[in-house]
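Got some structures for you, see below.
Two complexes, one shared chain (chain A), two partners (chain B, chain C).
After this line comes the complex of A and B, so read on.
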C-alpha cells in the first residue's frame, strides 16, 4: 500500500510560465515544484495574484495563449504532459485531470440542463449516452444532492450555490480522474455550505483515491483536509511541507503572517492582523531577490540581491534568507 | 419564452408577418384570378367585389399578384437570411474563437464586404450572370453574411475567455463542441434579431432590385416590379401603387418589429 501511495501521480518540476509585458519577460510562475501522490490532498496557498490558478491551468494545458512555458516539466503518471498537442490535451482534460472552478455559476452554461452538463464530460470521452446518464445520476447522488433525477432536469439558475458546486464536482468526477484540481471551490459559498463541500471533497478523495490539488487562500480549510501544503508568493513556492509541521512551525514570515491573519476564538478582542501591502503586480516584479521583501518585517539587504536557497527537506522546506546561517549548518546535521 | 409573447412590439410583428405569410399560403391553394392573365377591358379598376384590391394596368388582379409576389419575397428573404446565418456563423466563429491570423482575415473580409455597397455588388453579379432569381438570391445571400459574421465573432470573443468555456475545455470538450453547444446557444438571441432584420432587408433589397428591373424578371410577380409598373399611374390610379407598397411594408415592418422587440427585451436583461 505504501509503495503505491508514495509514487506521485502529478509531479511538477521547476515550472516557469512567463508573459511578455512591455517587452520584458514577466514570470507568473517561477521554478514551481510540487508533487501529489495518489489519495493525497495537497494545498496550494497564497493571496490573489500569486500564481496559484495559473499553476493549475498550466496543469490542464489551459494557460492563456499569450503566455509561454519557459521551462519545466509536468509529469502525469510519469509522462511529461507539457509537450502535448491540443488533441492530446483534450484526451487528458476531464479524463485524467479534472478541475473545479471558483464560481460554479459562471462555470456552468445557463442554457443547458445541469444533468446534461455533468454527462458532457463522459460523452466527450466516448461514454455512451445511457451509461453517462447512469453515471451522472450516480455521482449526483454521491455528491449529496437530494433527488438527483429531478435536479438533473434543472437549469443552473434554479439551483443554489452549494448545489451548483456539487454539480461541478460531479461533472469533474465523471471519468474518475487521477487528479482533481479544486480552484478555490468554496470561496463563493457561505460558511456552512463551505464546510459541507469540503467534507464532500475529503470524502471523495478518500473513497475514490484521487490526488487532489486544493487551491485556496484559507489556511483554516487547509488544516482540516490537506496532507501537504505549498505556500506560494508572487509566483514562487516559499514554503512547503507536511500540513501539521507547517502549521505548527511556520518558518517563512509570509506563512506566519497568513496564519496570524486567520480569525480564531483565542484572538477575540484583539484586532486581526492583516499583511500590509499587496502582492506586486506581474509587471513590477524584480528579476532577482525575494518578492516578499517590501512587506517583510525582517528584511535584509541580501533579500533584494538573490532569491534564497532551499532550507530544509522533504517534510518541511522554506525559501528565506533568514535561514541562510542554518542552511550552512544543515549539511552537518544531515 | 413568455416574455416574448407578451411584448407588444413582438406580437404586432408576428401578426403582421403572419398575415403576409397566411396570404402566401392561401395563394398556394387558392387564387382568385390567374395572376398573369391580362384582362385589358378591366384595367385599372378600383377595389370592388370582383377585384378586392383592384386591377393593374393590364387588368390583372392585384390581390392575386400580391399573393404570388409574397412567395418570391419569402423565398428570397428566408434563403438569404438562412444562408447568411450558416456562412456567417462559420466565418465569425472561426475568427472569434481561433483569433490570431484567422481573425484578422475574417475582420478584413467583413470590412471589405461592408464597405462595398450592396446594390453595386448585385449589379456586378448581374453583369456577370445576367438578371434573374438565382442572381438576386446569390447577391442577397452574400449581402447578409457579414451581419451574422460580426455578431458571431463578437459573441465568440465575449465567451472565449469566460469560465463557462474554460470549464467546458477542462472537461475535454473540443473547440467545435464548445462553439456549437456552449457559445452559439448563448448568442442565439442576437442571432434571432439579426435573422429577422436580415429577412426584412432581403425582402426590401429584392424589391429594390426588381424595381430597377435587375431582380426577378417578368412574368414572375414581384413587389418591385409592381411598384415600377404603377408609378406611371400614380396620379390617375393611386391605389395601384399604394396597395403593393402597403403589402410590401406589412411583412417588412413586421419583421423589423420582431427584431426591435427582441433587442429591447435583451437590453432589459
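After this line comes the complex of A and C, so read on.
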C-alpha cells in the first residue's frame, strides 16, 4: 500500500455536539474520533437516534443551528474545517465533501430536470456550462444509467428509486470530492437495486480514490463494502476496527446483539435475540457511565459511574467495562 | 412436510387477476392469474421486489381491492363480491398489519381508543369495563405498558407504534392476518422484537399469517412456506427450508445470492441485472426473461406455467425439471 494512502483524508478527533434541552446540555455526539484514508470505505453503524447522521452533518457544516460543537476538530487533508466561515464552507461542501441522502426523492428538486441538477453542482463551483454538461453525461453513464442523454431530460418523478439514487450519486461526484458521505443510501431501495448501488459505490471508490463514509444500520451491507467499521451507540463510539475482525469477533455486547438480532434461515424456530428497550432519548441520557447499561445483559455497578476507557489496539478497539480487569486483547489481533 | 395436502386450506386463490389503471389510461396487471393455498396455522411468506404485486394480492384476499377475475375462498366461502353482513363477518376473521405505523394510526386519537375501535364494531354487546379490560389485556400481551392507553401515536417510538398496530389487528381474535412489510421501517434490534412478538402471538392464538416482505432474511426466518412473486405472477413456491437451501427459479436464486445467504455452493452465482420492467408493458413470454442470465428464445416467446417440481414445490421456469 502506498504511503500517501495511509494519511487520513478525513479525521474527526474527540468531536462533541450538544443541544440545550430544558436548560441542560444534552450530547448528541460525544467524544467521537474517526478517520478515513484515501480509497477506503468506513462504516458508521448504529440504531436510529445514535448520532450517525448528526456526525455526518457536522462534517458538512450542516449541523442544526440550535446545536453547538462543544469540542473536537474535524481535519480535512490536515486542515481543521470546524473553524471555517460560512463562505469557506461553501467552497468545501459539494466540492471537497459530498453527501448522498437516504431518500433521493426528497433530496432532488421535483421541478428541475435531473440533468440540470447534476450539472448545477459543477456550475456552482465554477465549472463552465459546456464542461459541466459533458461531465454530467459522463458521470450518468458511469453510474450505470441506461441512455443518460434521454434520462437527463427527465424530471425526478419519471425515474425509479434506483435511477434517482444514481442521479444523486452522479451529482455528488461532479467535483471529484475527496470525501463522499453516504447516509443510508440503499435503505429505501429493493434488494436487487441495493446490490447494484453498493457495487457501484465500491467501484467508484476504487477508481476515483475517494474516502467514503458509509452510514447504515444494516451490518450485512457493511460486510460487503466497508474496510473499517465504527459502532455507535447513543452518541458514542463503542467499538471500532477492521470489518472482518468486528464481525467475526464482536467484543462489545451491543455489537454482538446487533449481529444476533439479524433474522436468518438457520435461526428458524428459535426466538431472535432481540435487544430489549430502545436507544435513550437525547434528553434522558446519563451524564456519566455507559449508555448501554439499561439494555446490557452483563451490566455492573461500575457501568453507571464512568464511561469505559478504550481497550485493544488500532485494528480493533472496544469501550466496555467488561475488559477492565483483563486487558486481554493486547496484541491478540496483531 | 406438506401440510396443505392433508387439510382444507384456510385461504385459496384460484386464477386471481387484479388490475389498476394508470394515469395514461393503460391497464396494469398487478396480479396475473395467481393460484395460491395458505393452510391453517402456517406462515406463508410472500417475497418479491416492489411492483411485483405482493401487497395487491394481500389486499384482494382481504377484499380491500376487487379482483378482476378468478376467485378467492376463505375457509371455503367466497371472499370476492362479499358485501354487507357477510363482509363484516369476514373482517372479523381477517385483519392486516401495515408497513408504516406512522401512517396507519390516527394521529389525533389515543391509542387505547384506537385499539378499542374494533371492539366497538364487532362486540357492541360488551360493557365499557369489559372493553377496557380487553384492551388492557391486549396492551399487555403486545408488551406495552397499560399506562400508554392515553398516549397519542406521536408520543411513541416506531417499535411501540407497530405494537399498537398489532394489538389493533389482533384484539378481535382473527384467524388470518396479512402482515404487509411489518418490520421494514424498523431498526434491526426493534425488528427482532416485533418478529418475536408476532411469533409468540401466533403460537398463542393459532393464527395464520400471510407475511409480505422484500427482505429475504426476514421471510426465510419467519415463513413455513415461501412464495416468490415477480411482475404479478408467482414464480416459485415451496417449504421455506427447501427454497432457501435449493432455490430453483433463477429469480429466486438471484434474490438469495444477493442476500448473502448462499447455501448451495455447487450452483452458479446468479446476478440480477437491471430493474423490474414497467408492469404496464410486461415482457412477452417469461416475465423474468429480460433479466435472466439463462434466457433463451423459448423464454422470450412462451410463458412457463407454475408446475410441480419436487415434494411440495412448484416453479415456473422452462428449465426446471418437472416431477
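In this text, the second predicted complex is superposed on the first by the 323 of 334 C-alpha atoms of A that agree within 3 Å, B and C clash if a C-alpha of one lies under 4 Å from a C-alpha of the other, contacts with A are read in each partner's own complex, and residues count from 1 in each chain.
Quick note on the criterion: a residue touches a chain if its C-beta (ideal position, glycine included) is under 8 Å from a C-beta of that chain, and two chains touch if they have at least 3 such contacts.
Source: prediction; values computed, not measured.
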item: Contacts of A:73 with chain B and chain C, given as first, second, both or neither; value: neither
item: Contacts of A:109 with chain B and chain C, given as first, second, both or neither; value: first
item: Partner chain in contact with A:120 - chain B first, chain C second, else both or neither; value: first
item: Which of chain B and chain C A:304 touches, first, second, both or neither; value: neither
item: First, second, both or neither for A:47, with chain B first and chain C second; value: second
item: Which of chain B and chain C A:13 touches, first, second, both or neither; value: neither
item: Touching partner for A:31 - first (chain B), second (chain C), both, neither; value: neither
item: Chain B versus chain C as contact partner of A:274, first or second or both or neither; value: second
item: Sites on chain C touched by chain A in the complex; value: 49-50, 157-159, 187-193, 195-196, 199-200, 214-218, 220-222, 240-241, 244-245, 254-255, 258-261, 263, 272-273, 275-276
item: Chain C partner contacts - residues on chain A that touch it in the complex; value: 47-48, 160-163, 190-196, 217-220, 223-224, 257-258, 260-265, 267-268, 271-276, 278
item: Residue numbers on chain B that touch chain A, as the complex places them; value: 99, 161-164, 166-174, 177, 181-182, 185-186
item: Residue numbers on chain A that touch chain B, as the complex places them; value: 60, 62, 64-65, 90-95, 98-99, 101, 103, 106-112, 120-121, 124-125, 168, 171-172, 174
